[in-house]
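Each chain gets a letter, A, B, C and D, in the order it is written, and its residues are counted from 1.
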Amino acid sequence: MEEIGSTVWVVADGYIPPGSSGDDPALASHESVCILNTGPADAAVELWVYFTDRDPDGPHVLPVPARRAFHQQLGALGVPAGVDYSVVLHSDVPVVVQHTRLDSRQAANALMSTIAYPAR
Amino acid sequence: MEEIGSTVWVVADGYIPPGSSGDDPALASHESVCILNTGPADAAVELWVYFTDRDPDGPHVLPVPARRAFHQQLGALGVPAGVDYSVVLHSDVPVVVQHTRLDSRQAANALMSTIAYPAR
Amino acid sequence: MEEIGSTVWVVADGYIPPGSSGDDPALASHESVCILNTGPADAAVELWVYFTDRDPDGPHVLPVPARRAFHQQLGALGVPAGVDYSVVLHSDVPVVVQHTRLDSRQAANALMSTIAYPAR
Amino acid sequence: MEEIGSTVWVVADGYIPPGSSGDDPALASHESVCILNTGPADAAVELWVYFTDRDPDGPHVLPVPARRAFHQQLGALGVPAGVDYSVVLHSDVPVVVQHTRLDSRQAANALMSTIAYPAR
């Protein structure tokens, strides 16, 4: 399978909801970037976190194997809950990126998702 | 009506929620790819499923008639619930693809949707 | 203000949820296409509805005044609830289109939205 | 870090839900535009609000510092709740824009989000 996608991706609305309902870990509030590498070579994806009040944090290097999907929770990279942020990803090979938030602060969860912005 | 769209589409964030609330089949957790073929010729759409830990599965061939909408649930193609995946679709004629998730694990359902990424 | 946007737009995932909770009309399940015309000339937008099992229905002509937003519920155009469909919009001047679903079949509502696919 | 993005962005579906459940300010119904400026120069972003029945309102000038995320609630700019509107943003340097709605009119909140439409 050939490579598909772009090498720079942006998510502008990052916000990990501070708090969750219930005790099911799968339903805890979180945000993820979902990366697909369809190509024959492994990808090294450098992820930068931008904040409203301080310099960007990164790069966090995500290894995305050839011909694999890769879902990364932002909280696991140290992004704090309850603060506004944005994400930029740079890959050395074309990939596709989608961003999703699960918000379970109230009794029933809410979801939002969008294909990220392909800048290159 | 003329053809509209692209011939390669990507959904990066695939995840069929494992479990549902209530017993209404229409409200069971699921994911769908919605395909529109506006052109005068039937489309053969080849769908590949990418996983995090094994080789892609496919192609699943979806026949999308000329001048018709076509909604395909991923679970009906054998995609298991509770695992991260991505989807790539190749069509022999231009089409448009949108991806939607209904998550009813909690007492009220949640929805997310995005136009897929047009790669060609 | 100058014109902004494209002249052909596609929404692939149309589905008006059949049923609602509560009796607040503003919270009834529905779908809308939201159109923005930033230009100096009124727009005539022709909307076609594509189905899975019959020929497209249209055109429904939507008059979108110059420098105005225009939100159109699909049900008000006669699109039935509970069936899969897609939408194509053709405008004589550039506009921008976004699609949104409110699903209130369960006790709390769910929302999804995406910028439509700009085909021209 | 270099500049990333476009200089004109559009959100077609604006609507601040009139009313909220509960008394947590973080869960009040609202809409936000989230702007990322990755470049080395501060951005001046001019935001215009388009309505269905009157002339556009603006520009509201949003200062987005270099290498910073910036999240702006629309209600804080005077956009009234319960009316349909659209938003156009013009930036003097490339930025990326995403739009998000939190609707908490019912007992559990609902979310929707999309990368805005990049017009230039």
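Note that in this section a contact is a pair of C-beta atoms (placed from the backbone, for glycine too) under 8 Å apart; a residue touches a chain by one contact, two chains touch by 3 or more.
Here the structure is a predicted model, which means the values were calculated and not measured.
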Can we say the copies chain C and chain D touch using the same residue numbers, with more than half in common, or are the two sides different?
different
Centroid comparison with chain C (C-alpha atoms), farthest chain:
A
Approximately how many whole Å separate the CA-defined centres of chain A and chain B?
21
Counting in whole Å, what is the centre-to-centre distance of chain A and chain C, each centre being its mean C-alpha position?
29
Enumerate the residues of chain C that touch no fewer than two other chains.
106-115
Which part of chain D faces chain A closely enough to touch in the complex?
1, 4-5, 21-22, 26-27, 32, 34-36, 38, 67-71, 96-100, 102, 104, 107-115, 118
Residue set of chain B touching chain A in the complex reads 8, 10-15, 18, 48, 50-53, 55-56, 84-86, 88, 101, 103, 105-117, 119
